[in-house]
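Look for subunit A in each of the two complexes below; its partner is subunit B in the first and subunit C in the second.
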Partner chain A sequence: MRANPTSKGIRASNVPWRYIVPALYILFLMVPLYWLLNMSFKTNQEILSTFSLWPQQFTLENYLLILSDPSWYNGYINSTIYVVLNTVISLAVALPAAYAFSRYRFLGDKHLFFWLLTNRMAPPAVFVLPFFQLYSAFGLIDTHIAVALAHCLFNVPLAVWILEGSMSGIPREIDETAYIDGYSFPQFFFKLFAPLIGSGIGIAAFFCFMFSWVELLIARTLTVTEAKPIAAVMTRTVSASGVDWGVLTAAGALTIIPGAVVIYFVRNHIAKGFALGRV
Partner chain B sequence: MLELININKTVGGEVYAKDVNLCFKSGTLNILLGPTRSGKTSLMRLMAGLDKPDSGELRFDGNAVTGLRVQKRNVAMVYQQFINYPSLNVFDNIASPLRVAKVPRVDIDRRVKEAAALLKISPYLERHPSELSGGQQQRLALARALVKNAELVLLDEPLANLDYKLREELRDELPEYFRAQGAVLIYATTEPTEALLLGGETAVLHEGSIVQFGATGSVFRLPDNLTTARAFSDPPLNTAEVHISNGMLHHNGNNVTLDSAAAALQDGQYTIGVRPYHLRLNRNGPNDMELSGEVLVNEITGSESFIHFNISGRNWVSLIHEIKNISPRAIISCFIDPNDFYYFYPNGDIALTPQSSEQVN
Partner chain C sequence: MKPLNNRAWFLVTPVLLLVAFSAVIPLMTVVNYSVQDSFGNNEFFWVGTEWFEEVLRSERFHKALMRNLTFSAIVLAIEIPLGIAIALCMPTRGPWVSVCLVLMAMPLLIPWNVVGTIWQIFGRVDIGLLGHTLAEFGIDYNYSQNVVDAWITVVMMDVWHWTSLVVLLCYSGLVAIPEMYYQAARIDGASRWAIFRAIQLPRMKRVLLIAVLLRFMDSFMIYTEPFVLTGGGPGNATTFLSIDLVQMAVGQFDIGPAAAMSLIYFLIILALSWVFYSVMTRDDDQGN
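Let's look at the complex of A and B:
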């Protein structure tokens, strides 16, 4: 029996295309990243003098410099401190707020909920000057908590939005059944409710972490030396001898790592979190 | 004993409960019967303490519990939706009210296993609720209510989402479980048939008010008013406006001579109510009232026909205990013995109950 020519034709012409488009897409996405890594393993001299697809003189010097020089690695430590602080504060504030929005009706609740989101619509530059003045007045300039609090401006609304979505997916009757069973509100919230909205919490934490980690303008304005974030350190690498390309790209590569690690932990929840979190 | 005294509750202009006065005794089965949005769930939430009444008082065994927090009351509630704690397995679900109450571990183990055995979910103790069938999930919710040994058990249409076989099975078993505990059992349902099968006492609700409360069978047979008769009839009660003068009933050109009790009714306007099973397709007595109308739909079940037809602008339904092949748009005649009429005054109060209903008592 002969194979059906039509189905064979479809197979022959379609299968490569099905893979070619995403392959090209991923290729274009990955090229700059590859180039970053490529440069980070080269010497400055090689970066500036030749065009090579991979390091001709492979070196770890750039990374060693970052990991041994406090002015570099403190940037990572500072960033990590205020990002973690911000994530904790954002979630601590957003959890009760989201619960209220999801479970209670009160005057203006829908307007307030939307207004929260509009906070994300203003560019951070708008807030930089007032923040700088206010934080100076309270002596908070160049502290980790200053940046952590400032980043709540856009992270709290986002976390409320995501958590409200995932909480509203849990029937109210579960809350009531718990109260009837005798659970107090905190017992119910932490023992029974938190596990149910686990994906939502994970996704909210992930976004808080990422947005705080990549934010540059506010973080740089509110810090001088003590709490200076890595992104700010990276913008100040022009020295007398010119731009230190190798070190800069190594710092860039290291900056990507925390995000990649966080994504790894939430990878199983991210689709669920997005669906519930109506983002 | 649970007493509700002049309970009122309005939310956003909508009346959830209006002047509710009820008294439920311990160890009894009480049914709240009414259509959707008649206030059954609202009343249960008030009784459970999930909501506070705007005015009125709740007493349990003589003690006022109106403002008492729900956690402090010994109440159990089962919803129409299968509500369990998805993150806990079956054992922990059943055990949860006992754990909160700090019952010793040995007792918890024993009581959970007893409840699970009673509700036939013993083999699934390690599973999570999402791994159970709908019937098992509801059994789990019931087991959690049962294990608590609550003084007040509220079941809000617990069987509505189950398939009919499970429903029949659980309907027989349920009251027994809770009656043995001596709890006040309150069961909300929209189905008159379910109320009659359960027995006990029935309170009929309409727009937040209790229209009648009494033994289920007698509320069904002897409704105080048109609202009760309507709520407590499935298929719906057939009604018509009639005029009575000098012992004659006039309806749309029909003149029927009344005998016995109905003849003694004062002249005036009445609403008559006729149960669907009192409509026949052939004449049974000389006094039968004959009504003709166009058939709208004929629903045939295995052994019965529900013939819906239009009588001077009203939809009537006749329940015939055999299969009748009558097609829509046919004109048929129905015959009713006037002795089967419920007569209501224009304000809805009962004027006369059919003798056949009185005699059952």
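Let's look at the complex of A and C:
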């Protein structure tokens, strides 16, 4: 601040020095990530014996082990399956509900909306035991659909919230004109309305993907072997003989990739999409 | 004004059924357990509010609650101002915007136990960059033995993990402000601070509300990251409510007290979120 005697200069967008704040922040974010990557390219021997800022003997062994062992890479496949299932289910039920909330008043609408949001506030730890019993009763333990349904607990309310916000940004006259033009509701919804709220749907899908991908407590509780998520598979690198640091870090590094890909696709909508969520 | 149409309930029904299956039934199970005791063999008998009284009186619960409230307060106090500051300094157009946003969103999409693992490795004195560097400087740092170090590491991990969410939300609020607001301010000769107070902050209010609510709820439910990093230790120093609850329900299988604690825990979150929500939307209501 001292560098600018007149406060006016700070506001101009071509002042480069203020960019140092986001730059430093990004550096702070990247250093631990770099350390993870750095270790994943080292052998265990090197990790434990020498301390170096980059791999002295560069190796891909840790990654090859994960990509060649089904019990490892199936973890990634399992996670992907239930995350995609969850995103599809969440959006499928949230779209009509969000439309109802944004277009109509009906008996108990406000209460219902807040009640939905309270599910987003429920601590997953509360649900660990009852979920296990419920899904056992239905014989769904260790299936992908069980985890996908369980994650709907916090993803559906969020999807309704985001979609409702983005739908409310579209004027109601568009619906009315479409009905006058003879569109049926499904035709109108998929042909006209869905493209209009495209970025809202994208952002809702992004959030569903994100919260389902990162959750471990519930996913771990509901699976044994067949649908075990990668995050749970990782725990087996810790054994009595010590921790297999190389493989652990390589597996961790690989879990970042799907997220990075998804962010890349929605990068132009992130900022806009957030603003659409309405309270 | 939206038209009144009770047939809209049909559109809401799928959500209701799904959430009833994944929330109401499990929650009823919890309620059921919280008022009963068992001697095993699936024989249950009614104990009324006994478990609730026991949990509310227990020192273990008080301490976990205090730890969690302290943690949430610290985390909010750091992440919200930091997030606003970073959002204000972000470039508003040009190719760097996407680069910044993508890089900043990275920590949000890392599975929570991997976040714990990253910091576990990063902070270790023998193989971690942070721990090793601090040791080189002669600073005695060990998050698995020293309570203060453990807290600093857990808070730093959370700041690393979640500040980006606040930044993204604030940034989206900022770019939505029309340019003419700034032009008007320039004509008035408003100071940087005045612009922030009179234009940017009010315009960010809605997204800030979302940020505060989400950050509060998530920091109050935190489980995986500190569990991986410190396992709740050293001692019980970082045993937050969720860690304590899972320990009680799954570790010791004290279902009755665990269920009572679950409900109290849930009600606290609900009440505090409601307070945040009404405080931050109060001005809106007066305006209408």
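By our rule, the second predicted complex is superposed on the first by the 256 of 279 C-alpha atoms of A that agree within 3 Å, B and C clash if a C-alpha of one lies under 4 Å from a C-alpha of the other, contacts with A are read in each partner's own complex, and residues count from 1 in each chain.
We take it that a contact is a pair of C-beta atoms (placed from the backbone, for glycine too) under 8 Å apart; a residue touches a chain by one contact, two chains touch by 3 or more.
Since this is a predicted model, take the numbers as computed values, not measurements.
J.: More residues of subunit A in touch with subunit C or with subunit B?
T.: Per-residue touch count on subunit A favours C.
J.: For A:Arg18, select first, second, both or neither according to whether it touches subunit B, subunit C, the two together, or no partner.
T.: second
J.: Determine, under the contact definition given at the top, whether A:Leu196 touches first (subunit B), second (subunit C), both, or neither.
T.: In the superposition, A:Leu196 contacts subunit B only.
J.: Counting only touches as set out at the top, which of subunit B and subunit C does A:Glu176 meet: first, second, both, neither?
T.: first
J.: Just to be sure I read the superposition right, which of the two partners does A:Ser184 touch: subunit B = first, subunit C = second, or both, or neither?
T.: first
J.: Applying the document's contact rule, which stretches of subunit C touch subunit A when the two form their complex?
T.: Those in contact with subunit A are residues 1-9, 11-12, 14-16, 18-19, 21-23, 25-27, 29-30, 82, 85-86, 89-93, 96-98, 100-114, 117-119, 121-122, 126-130, 132, 160, 163-164, 167-169, 171-173, 175-176, 182, 186, 191-193, 195, 206-207, 209-210, 217, 220-221, 223-224, 241-243, 245-246, 249-250, 255, 258, 262, 265-266, 269-270, 273, 277, 281.
J.: Subunit B touches which residues of subunit A in the complex?
T.: Checking each residue of subunit A against subunit B gives 171, 173-174, 176-184, 187, 192, 195-196.
J.: Along subunit A, where are the residues that touch subunit C in the complex?
T.: My answer: residues 7-8, 10-11, 13, 18-22, 25-26, 28-33, 35-36, 39, 47-48, 51, 53, 89, 92-94, 96-97, 99-101, 103-107, 109, 112, 116, 118-131, 133-134, 149-150, 152-153, 156-157, 160, 172, 210, 213-217, 230-231, 234-235, 245, 248-249, 252, 255-256, 258-260, 262-264, 267-268, 270-275, 277-279.
J.: Can you list the subunit B residues touching subunit A in their complex?
T.: 45, 48, 50, 70-71, 75-77, 79, 81, 83, 85-88, 96-97, 100-101, 144, 148
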